[in-house]
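Given below, in the form of structure tokens, are the structures.
Look at the two complexes coming up: chain A is in both, with chain B in one and chain C in the other.
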Partner chain A sequence: MSGYAAHRVATAVAQLLIITLVAYLLFFVIADLTGASPAQRVAGKGATPERVREIAHIMGVDRPWYEQYATFLSRLARGNLGYSFQRRQPVADVVFPAAAVTASLVLGAAVLWVLIAIVVGLVGALHPRSLADRVLTIGVQVSIAAPVFWVAPMLAYLLAYQPTQGTLLGIPLGRSVSWLPIQGYVTLTSDPFEWARHLILPWIALAIGFAALYARFVRAFVLEQLSEEYVKTARAKGARESRIIRRHIGRLVAPAIVVLLGLDVGVALGGALFVEQVFGLPGLGYIGLSSIQNLDYGLTVGVITFAALVAVAANAAADLIQAMLDPRVRAQ
Partner chain B sequence: MSSITAPALPEDETFPAARGAFEDFWRRFHRDYVALAAICFIVFTIFAAVLGAPLAAWLTGHPPDQQYVNGLTIDGIPLPPMSHEVGPDGVTPNPHGEFFILGTDKLGRDVFVRLLYGARISLFVAFTATSVALLIGVVLGLIAGYYRAVGDAIISRGIETAMAFPALLFAVGLAAVIGAGLLNVIVVITIFSWYYPARVVRSAVLSLRQAQFVEAAHMVGASHRRVMFTHLLPQLTAPLIVYATGVIAANILFEAGLSYLGLGVPPPTASWGQMLSDGVSGGLYRVQPWLALIPGLALASLMLSFQLLGDGLRDALATKSAA
Partner chain C sequence: MAQRLPAFRPPRLVAAALVFFVAAILVGASRSHQTARAASTSAHFAMPAGSIDHLDPGLWYFASTWKLSLATCTPLLTFPDAQGNAGKVVIGGIASLPKISNGGRTYTFQIKPGLKFPNGKPIDAAVEKATFTRLFGKKLASPAVGFFDVIKQITAKGNTMTIALRSPVGSFLKRMTVPWTCPVPPGSAAGAVENGSLLQSGPYVVSKYVPDRQLVLKRNPAFNAKQLGNRGHFDTITIDIGVDSAQAELQIKAGQLDGYLDRLPAAAVNQDLRDPTLKDRIFLNPTPSVNYLWMNNDVAPFNNPKVRQAVNYAINRNAILRVWGGRSQGQITDQILPPTMGGYQDAQIYPANGDVARAKALLADSGAKLPIKTTLRTRSDAPGFLEMAQVVQSELNAVGFAVSVKSAPDSVNGGIISTRANKIPMGINNWTQDYPDGDDFFGPLLDGRRITPTNNNNYAAFNNAGVNKAIDRIAPTVGAARDKAWETLDVSTMRTATPWAPLLNPTWVDLISSRLTGYVYTPVYGMDITTLRPK
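For the complex of A and B:
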């Protein structure tokens, strides 16, 4: 186990090194070649060439790329994500509050989509080809096909905006109701109730697609297990169906879902980008995108490094959990 | 004089005909009405994009980039579907004016014509990027799975590393750095979609390379390249076709996502993602939900069609789900 763990962690570190190197080259070296010079951007349009060179020297972007990257890495190892010259504050001061927003969004949505997936998947697996199964399967297919950046504004329109105009899904409410905010974010520490109220729609928007994918997985997984010999044995010994699902199959589904969650963290961060954009949540995707638009590449690299760190760590954690639970993985 | 005559076949006896792979596939596929409906919708979309777009522009007389002053109300609000342009007062419809089947967008352009032109971008980018990605994936997967050793180690590590990248954030960054444009969008999407096919091909080749037909090919002196491309590759056709439909669906979504973030094909060229983001940005969808509803519906229907087609093909080709 420790051998496997060491190998897995080493792989994760190597992946992280490559990702940060590519990110660094992309935003500082290639960006420089295409004319979006970071120093020029900081100096402003009217700056003299001398001034730009001076700023490039302060930022350290006049040195060869490997030196720049080495500096970046040594800072990173000490927990320093760099400095945003446009915002005139350390990247970490921007990234950490944003990460809290994204974490609120993704973790809440993950709880939601796993719950939905288990319910929908179990209904389908226990009553295959029933009417409920067919209806849910159609729902799953449609939910997978619907892009998150379409679902999010539609939810905001139907569940947040229309009630303020006095109707909910075509039903007249008789008065203007604003029970869900259309946009904005409130931190958990300042007001937990408002925090949840502002996140309900983003959670649903992000969860729908994943819930459908996971429901399909749970349905297929449970259906496959139900035809296994151990289930027959359990039934022969008189175990109730609910006990078989919970005690026997549940113990196999749960780790499989944990591994899927670990693998999907990176994908969920991508989905969160759109949800944050639509609902105006100041998360990682939101500041990452605005930093790209403002050519604030110091911040961009910081955001990408942080996101990659989270995704790679989650990935490695999922593999390690799986290895702990399943000796066959360790043997590979 | 001697002649050899073939023995006459008994007329009344019918022999079971050997069925080809395609026949076998078609026997199963032609009863799958869901998959047939999906393929009809995809073909319809392709025709609508290639022929329908210029035809619609000609019939309505609305070029895709033409901005109609009277296509917006006096408050600058786009018109809903099935409406005539507004009259001189800027509010009441003018029954003799231009007619907009799906209404107008925020610049007073015809949404119907733009929707058809947008389909071109979606389909072209998705098909091109998927083809290139599959080509790269198949070649790398074949090399890795067939030769093993150093090549496999390098390619496998490459695949694992590529999969560890937070793809969307990087794609957004890359698109921003290399700039917007049709070719750049295709390049960005290709960079982030070659590794899944490569992994699938590699694992398939790993299990096939021990097969007897590969051994037999080696024994009669076939070169490595010949074994890879004329013996192994045809075995992969069925799973690859199934897989490709999934990749196309994913890449349609990818393109729309990049366009939605303003990093796709630059305006004024119409694309679904950009139409959607135009409808959403600034809260315009609250006044005219059509602007967000229509392109989203088009995207979702096309994605759904590719998914259902993929499911149908998988069942009919009797391949295990690739991935």
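For the complex of A and C:
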């Protein structure tokens, strides 16, 4: 197991190095070659060429890219994500609060999509080809097909805006109500209820697609297990079906879902970018995009590095958990 | 025997989550109503990400930041909080209108008495002089320098500040209205101060600023309304930064937001204009700006005026306006100066729907070898620009060009096109006036002597001796004669030298919440948030 773990951690480190290197080349070198200078952006439109050179030197962007990358890695090894010259503050001071917002979004959505997937998947597996199963299957297919950048504004329009105009999904409510905010964010520590209220629609928007995929997985997995020998044995011994589902099949489904969650963290971070934009959540996607628009290279690379770190760590953790649970993986 | 399956019961965790969600909705909804009732003297606005470039009055330059500056500072001179032509008349700000002497070379300002910073320190001539000195400092690298380089000397004594110019400049009074002239306390850091602590001469001060997230303004207790006007009617103004325009439009209609300080989505605006319930709170106004297609004189065959004129004939400006959002979003133009400029006359130089035959004839006459392979650059991060570029591409290709379109966020694209050595053949940009005078268009955009290797605003690298001479001739003039001269130069330049293909003058649409009144659109800065008040 320790050999596998060492190999997996080494792979994760290599992945991280490749991602940060690509980010560096993309945002420092390519953009610089096209004439978009970060020093120019910091110096302002009216700055003299001398002033731009001076600022480039202070920022360190006048050095060869490999030197800059080496400095970046050495700082990263000491836990320093760099400095945002646009915001005039350390990248970590921007990234960590944003990471808390994205974590609120992704973790909340993950809870939601797992709950939905278990309910929908079990209904389908326990009543295969029933009317409920067919309706839910159609719902799953539609949810998989619906892109998050369409779902998010539609949810805001239908569930947050329309009630303020006295209707809900076309049904008159009789009066104007403001149940859910159209956009915005409140921190968990300042007001937990407002935090949840502001995140309900973002959670749903991010969860819908994943819930559909996971529901399909749960349905197929449970259906397959129901015909296994150990289930027949349990039934023969008089175990109730609910106990079989909970104690036998459930114990197999849970680790598989954990592994899937680990693998999907990176995908969810990508989806979070759209959700954060639509609902105005100041998360990693939001600050990452605004840093690109502002040519804030330090922050862009910091956000990419941090997001890559989370995704790579989650993937590695998922693999290690799977290896712990399944000896065949360790043997590979 | 049929397989017996258990009846499904939702797990307890699902039920608990549902209870929490419903509780959050109910508690939150009731709290939001309470908040709305309690905070009757607060206003809530929003703007997109990246709207604030700087909060240091020596550095800010974005139009959206200048709009906010109406609330947080008072320039040396200013414009009234009034609509239309009345809003274009220069009036006193921190100082009264100056006495002009020495053939237009000396301006003597009297700083208004009784003006103070919130810390109680007086705002006098020495403060204004120190403000200018800071602007000229190398550490600040202020964009103001290019506007104020006509200043030879500044002297201050008590409340009197005298500015001596190198030569008479007819637009000097208007230049003194730009928000870079807002006083900052003497002894302020020579470099940038971006936390808002320097903005202390307007009806509001910055009480909280989280970059790209939120700006909170609070009433300035030291603001002298007797001298500077009864401006600012809320105790607090909160501005959320990074709000998507489509969501903001819904929030305003839902009563969750009072206004949006940027362009609203054209499709939503066109729908709102048909909604009778919104007619008292949706406003369309012309902007002092132009969207234009520039052609680089450094790059053949655009160094040939006939090719540039051919482009003007090839494009269908009405088609371009349609992709920009339609008639609610602008009006087509073939002139450099916008209709908001004094003395403007619609000369109708090029056909609105284009004239393909004439364009082809001019191209043939120019001797340019067809197809003309070229690149058109524009920004990708503002709606409408890429769409305009694609229409231009299609129309130019129809007369003998082979145009490829490249786009990037403005921060990237701006760096590329303003570096002269990059020799970008053509591009679509917007220019919005800094102050209402023709020299703010012809000076930075078309005066060939002001072309710089980097940070160049004259993207067309246009350097025409006749136009340069005309700029010099108009420089010392004032009043209606000056306006007329700029207009004449505008029309003659577009008829003969033709540096650009002007496309359209955007219209600005504001939608405000039903609880506000007092809307004023100033022709210089747009919606004036200091005149808005609760109903």
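Convention: the second predicted complex is superposed on the first by the 332 of 332 C-alpha atoms of A that agree within 3 Å, B and C clash if a C-alpha of one lies under 4 Å from a C-alpha of the other, contacts with A are read in each partner's own complex, and residues count from 1 in each chain.
We take it that contacts are C-beta pairs under 8 Å (C-beta built on N, C-alpha and C of every residue); 3 or more make two chains touch, one makes a residue touch a chain.
Quantities reported herein were computed from a predicted structural model and do not represent experimental measurements.
Once the two complexes are overlaid through chain A, chain B and chain C clash, as defined at the top of the document.
In the superposition on chain A, A:153 makes contact with both chain B and chain C. Contact with both chain B and chain C is seen for A:289 once the two complexes are overlaid on the shared chain. Looking at the shared chain after the overlay, A:126 reaches chain C, while chain B stays out of its contact range. Within the superposed three-chain model, A:303 lies in touch with chain B and out of touch with chain C [touch as defined at top]. When the shared chain is aligned, chain B and chain C each come close enough to touch A:161. Of the two partner chains placed by the overlay, only chain C lies in contact with A:115; chain B stays clear of it. When the two structures are aligned on the shared chain, A:180 is found in touch with chain C, with no touch to chain B. By the document's definition of touching, both partners, chain B and chain C, reach A:278.
Touch criterion met: A:145 reaches chain B, while chain C stays clear of it. A count of residues in chain A touched by chain B and by chain C gives the higher number to C. Taking chain A as the common frame, chain C overlaps chain B at a single listed stretch, which among 98-106, 116-124, 170-178 or 242-250 is 242-250. Once the two complexes are overlaid on chain A, the chain A residues touched by chain B in the first and by chain C in the second are 31, 34, 36, 153, 156-157, 161, 182, 277-278, 289, 292-293. Note for the complex: chain A touches chain B at residues 11, 14-15, 18-19, 22-23, 26-27, 30-31, 34, 36, 141-142, 144-147, 149-150, 153-154, 156-157, 161, 182, 266-267, 269-271, 273-274, 277-278, 285, 288-289, 292-293, 300, 303-304, 307-308, 311-312, 315.
Partner chain A is touched in their complex by these residues of chain B: 160-161, 164-170, 172-174, 176-179, 249, 253, 256-257, 260-261, 273, 276-277, 279-280, 283, 285-286, 289, 292-293, 295-296, 299-301, 303-304, 307-308.
Those residues of chain A that touch chain C in the complex are listed here as 31, 34-37, 40-41, 43-49, 51-52, 86-88, 111-112, 115, 118-119, 122-123, 126-127, 153, 156-157, 160-161, 164-165, 177-184, 193-194, 196-198, 200, 240-242, 245, 277-280, 282, 286-287, 289-290, 292-295.
Residues 4-6, 8, 10-11, 13-14, 17, 20-21, 23-25, 27-29, 31-33, 49-50, 54, 59, 61, 138, 141-146, 192, 194, 211-213, 240, 242-244, 246-248, 250-251, 253-256, 381, 408-413, 415-416, 418-419, 422, 453-455 of chain C are the ones touching chain A in the complex.
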